[in-house]
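Letters A, B, C and D mark the chains in the order given here, with residues in each chain numbered from 1 onward.
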Amino acid sequence: MEVGFLGLGIMGKAMASRLLKHGFRVTVWNRTLSKCEELVEQGASIGETPALVVKKCKYTIAMLSDPAAALSVVFDKDGVLEQISEGKGYIDMSTVDAETSSKISEAIIRKGGSFLEAPVSGSKKPAEDGQLIILSAGDKALYEVILPVFDVLGKKSFFLGEVGKGARMKLVVNMIMGSMMNALSEGLCLADKSGLSPQTLLDVLDLGACSNPMFKLKGPAMIESKYPPAFPLKHQQKDVRLALCLGDEHAVSMPIAAASNEAFKKARSHGLGDLDFSAVYEIVKGTAPSGNAA
Amino acid sequence: MEVGFLGLGIMGKAMASRLLKHGFRVTVWNRTLSKCEELVEQGASIGETPALVVKKCKYTIAMLSDPAAALSVVFDKDGVLEQISEGKGYIDMSTVDAETSSKISEAIIRKGGSFLEAPVSGSKKPAEDGQLIILSAGDKALYEVILPVFDVLGKKSFFLGEVGKGARMKLVVNMIMGSMMNALSEGLCLADKSGLSPQTLLDVLDLGACSNPMFKLKGPAMIESKYPPAFPLKHQQKDVRLALCLGDEHAVSMPIAAASNEAFKKARSHGLGDLDFSAVYEIVKGTAPSGNAA
Amino acid sequence: MEVGFLGLGIMGKAMASRLLKHGFRVTVWNRTLSKCEELVEQGASIGETPALVVKKCKYTIAMLSDPAAALSVVFDKDGVLEQISEGKGYIDMSTVDAETSSKISEAIIRKGGSFLEAPVSGSKKPAEDGQLIILSAGDKALYEVILPVFDVLGKKSFFLGEVGKGARMKLVVNMIMGSMMNALSEGLCLADKSGLSPQTLLDVLDLGACSNPMFKLKGPAMIESKYPPAFPLKHQQKDVRLALCLGDEHAVSMPIAAASNEAFKKARSHGLGDLDFSAVYEIVKGTAPSGNAA
Amino acid sequence: MEVGFLGLGIMGKAMASRLLKHGFRVTVWNRTLSKCEELVEQGASIGETPALVVKKCKYTIAMLSDPAAALSVVFDKDGVLEQISEGKGYIDMSTVDAETSSKISEAIIRKGGSFLEAPVSGSKKPAEDGQLIILSAGDKALYEVILPVFDVLGKKSFFLGEVGKGARMKLVVNMIMGSMMNALSEGLCLADKSGLSPQTLLDVLDLGACSNPMFKLKGPAMIESKYPPAFPLKHQQKDVRLALCLGDEHAVSMPIAAASNEAFKKARSHGLGDLDFSAVYEIVKGTAPSGNAA
């Protein structure tokens, strides 16, 4: 099976490389073309523009860094729209908001193409290991055709319905994650101030009904006030905020998420936005430097 | 090794039985003595009063249903205090508040005995399987002597320091658990109202960094509005409240726990206090019957 | 002084009438022209379209019901833009969001006109009595020219700076008002459930440092579960939400406003959105009918 | 009419002095007897112990600084209990918790005396001017007899029912006050960060439906980061906490009060507990020094 692949950032490179190793023929494009070399060594072809990749391949996958990049690759000169047409499919695996996704979807469909949004849960390591979770939505037939690709990239893929539902599912999951992180931060701080060892709390938690990979992974670093940005706090806060907006739209009252959002916002105001979202622990502890950066 | 065992409720029976199976000689007592028979068949002796059990055994374990029972067994006529003395150890594994625990501890020590509080995390099944988590605090030497018992009853035991820290650790863990349950409830409701399948949300959560036994166990039942009381909501709310009081004492601000507490309180006011604490989902959904039972 | 006046709803009619009584020559327009008659009897002239009003008058005031109407009157055929030009001023006293206001401002200025946004605080009675509070922003020179008009309509007018600041000031005030209403609701409910008379609470409040017109006006009706919509709950919630968005933009953490927002949202989900915003009391009491209208 | 008066602190002295000026015969006692001199000059008699005051006077009023002092004056040697008896009334106007009040009440009644709790709202100036608000509860007959005293001391007195309701009413009022202060703090901060003048916000608020003496009094000082302790933050937080406990007892969910409580707690953790409760503004602004004093 031949696929196009647009975007060779950390995630995109790992994913395209994995496809090559599993026997797919892959034509890659990246804004900085030099980044394609490593993949060419692994057997990839190069497409000089997104349009040329789409022209060559029946199915093209995109993995861009943000909504602006996702839009640019489609709508700009030499972009996807110039060559998309009936019989061709476009699968955007970037994490974008529902609005961006709808905009791209409509444009692709207007040209006769079919579209699937497929944001993923998981970072570099799961991408290399084919352990992503894929939250797809849009064209069901395209989903079924592209399943062999998803099977190589992810440990599980979901088809969630019309375009927008992939983005929305990610928001809901991240909202829960944000509240759990706040819950852990409060617990660690309460343990510490009341004479219990935070590390022992982590040990106890890990043995019980609340045991989860996130606490296990981030807890020990938090105790040492280390917050290497796996998922930057400002992005986590944005997702909680968007989830609250979604709740507003549907009149869902979510006081825990709202309180978490304010805690993350507080963290931003203390200049912690670029650290990992676990840095909200500094806010709970009250040890963030005073001040008010945005 | 010979031990006394006071209290043969669901938990106590499972624990005493397990000790017998692992070669301990056990002298049991229960308020309703007939409940001892099953254990006698398994090889236990009977002590006719708590005092007689303590008289006979160097180490006596208690597993009572609540603080009132825990106090009664120690302080009432024919109680533990009448026979406890230097060289004897008393291990209370009941879940009681720190104040009750301190009261018992002081009385035991005044008589020359040594004391260990050792509340557990886990219910019937883990008790039968020796998979409890044991949060002990008090006399370190007694802890070390009694470790062979804990090794049979639990998958892990902790020694946390002076009396009260076992109870406190349970509060912190339950506070986190309460906030996580609220986070899940909000997520399930948001998914549902915004056109996503709550079951799919559970599936996605279970594959990612937030995956935990509680979501897996309770989530599907919540979707069906079923809340069999494994841990009654009114007890969970009480624990969150006590954790907030502990935070008040140490000036720890915990807005997420506070919001969770109010949600559980709301659930109580709608008459859901005796259901499982996952019934807070009914409050998030707004489907609890109106009204205001305490 | 001659002014144009667009929009003769409850507020607009009271304001235009007041201007006539104070010696201004007023040319009125309303979408339903029959509504102009009453004012013609009081001495007003009629303009048949917004464009014709602007053509005739150096200064035109608008008081429309919502952003859509405010935009339509300016941008539609026969609208303000067709006749606005250098030397003419347009004062929009409607309550609109900052974005709408900016859009109108830019269009007016592009045509050479000058623009002032001037949303008001106060309803029908203050409008009739010239007791409005006017929160203006935009063209300072126009503000100074139009002051005689503001002096007749309001008890106090503010000039707050560039366009958008009028709208923003209203949001901040309404956010505070929303939190105060929640605080009152919680207090009334706590009084009631703990055996104190809610009416006595109102009496005590009214004598002390927290005494304010809103508690005095709405409190007694709330006790009787009456919520005639002076300011609909759904609009109040929208304003709190927008204030929270403004806070997000500037990284201001506002947990009380966030909790208030969720309470108002809950009220919406129980179908109370069209009642007065004091109906949030029903949510605190838990007496809103279960269900989930948006 | 002759009355005894125990406690000549700031409040007590102003109140006793006012009674003398209005023709009451007053026998005063104070722990530091020298403080009585000023009142003797105004015509007061001295009682050398609380017991002697009660022996001499049919009605004795107490105005002590805290629960410990209130208890000591009644229960200690030479205390009120030694002389209270049938036909005598004891009116405690100190601000104490419901439990302390009940303890005193029971002891007085057991001796045959009658009891009234009558905490006041208002500080030094209102005490001097007879403008206190008196929240009394307990013996209705005693209330009616003592009304001439209350009429001189307060602008309004309430009889609220059984002992404890006076204390409780104060809690509810202070809870509302605490939430209002948080609402104002958030508004001032949002105004400031979004380019509006906080002083102008105060001006606008003062003209509208939310206008209240507290905003007017404390707002301008807050803008200048001045928090002279009229009502210390740690006491305000304690009252909000006790109100939440009262809510817990009656299953009243109060998310806004809960969020306010956490904000005040945060302020305590940053060492602001002895400043005025308006210092919570520093927490909203994020300008409190980091650190974690209790």
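Criterion: contacts are C-beta pairs under 8 Å (C-beta built on N, C-alpha and C of every residue); 3 or more make two chains touch, one makes a residue touch a chain.
What you are looking at is a predicted structure, and each value in this text was computed from that prediction instead of being measured.
By residue number, more than half of the contact pairs of B-C reappear in one of the listed pairs A-C, A-B or A-D, namely A-D.
By number of C-beta pairs in contact, C-D leads when C-D and B-D are compared. Mean C-alpha position of chain B lies 41 Å from that of chain D. With touch defined as above, residues shared between interfaces to two or more other chains in chain B number as follows: 193, 247, 250-255, 258-259, 262-263, 266, 269, 286, 292. Taken together, the touching pairs cover every possible pairing of the chains. Residues 121-122, 133, 135, 155-156, 158, 160-161, 165, 168-169, 172-173, 175-177, 179-180, 182-184, 186-187, 189-191, 193-197, 200-201, 203-205, 207-214, 217, 243, 246-247, 249-260, 262-263, 284, 286 of chain A are the ones that touch chain B when the two sit in their complex.
Per the touch definition, chain A reaches chain C in the complex via residues 241, 247-248, 250-255, 258-259, 261-263, 265-266, 268-269, 292-294.
If you check the complex, the residues on chain C that touch chain B are 193, 255, 259, 266, 269-270, 285-292.
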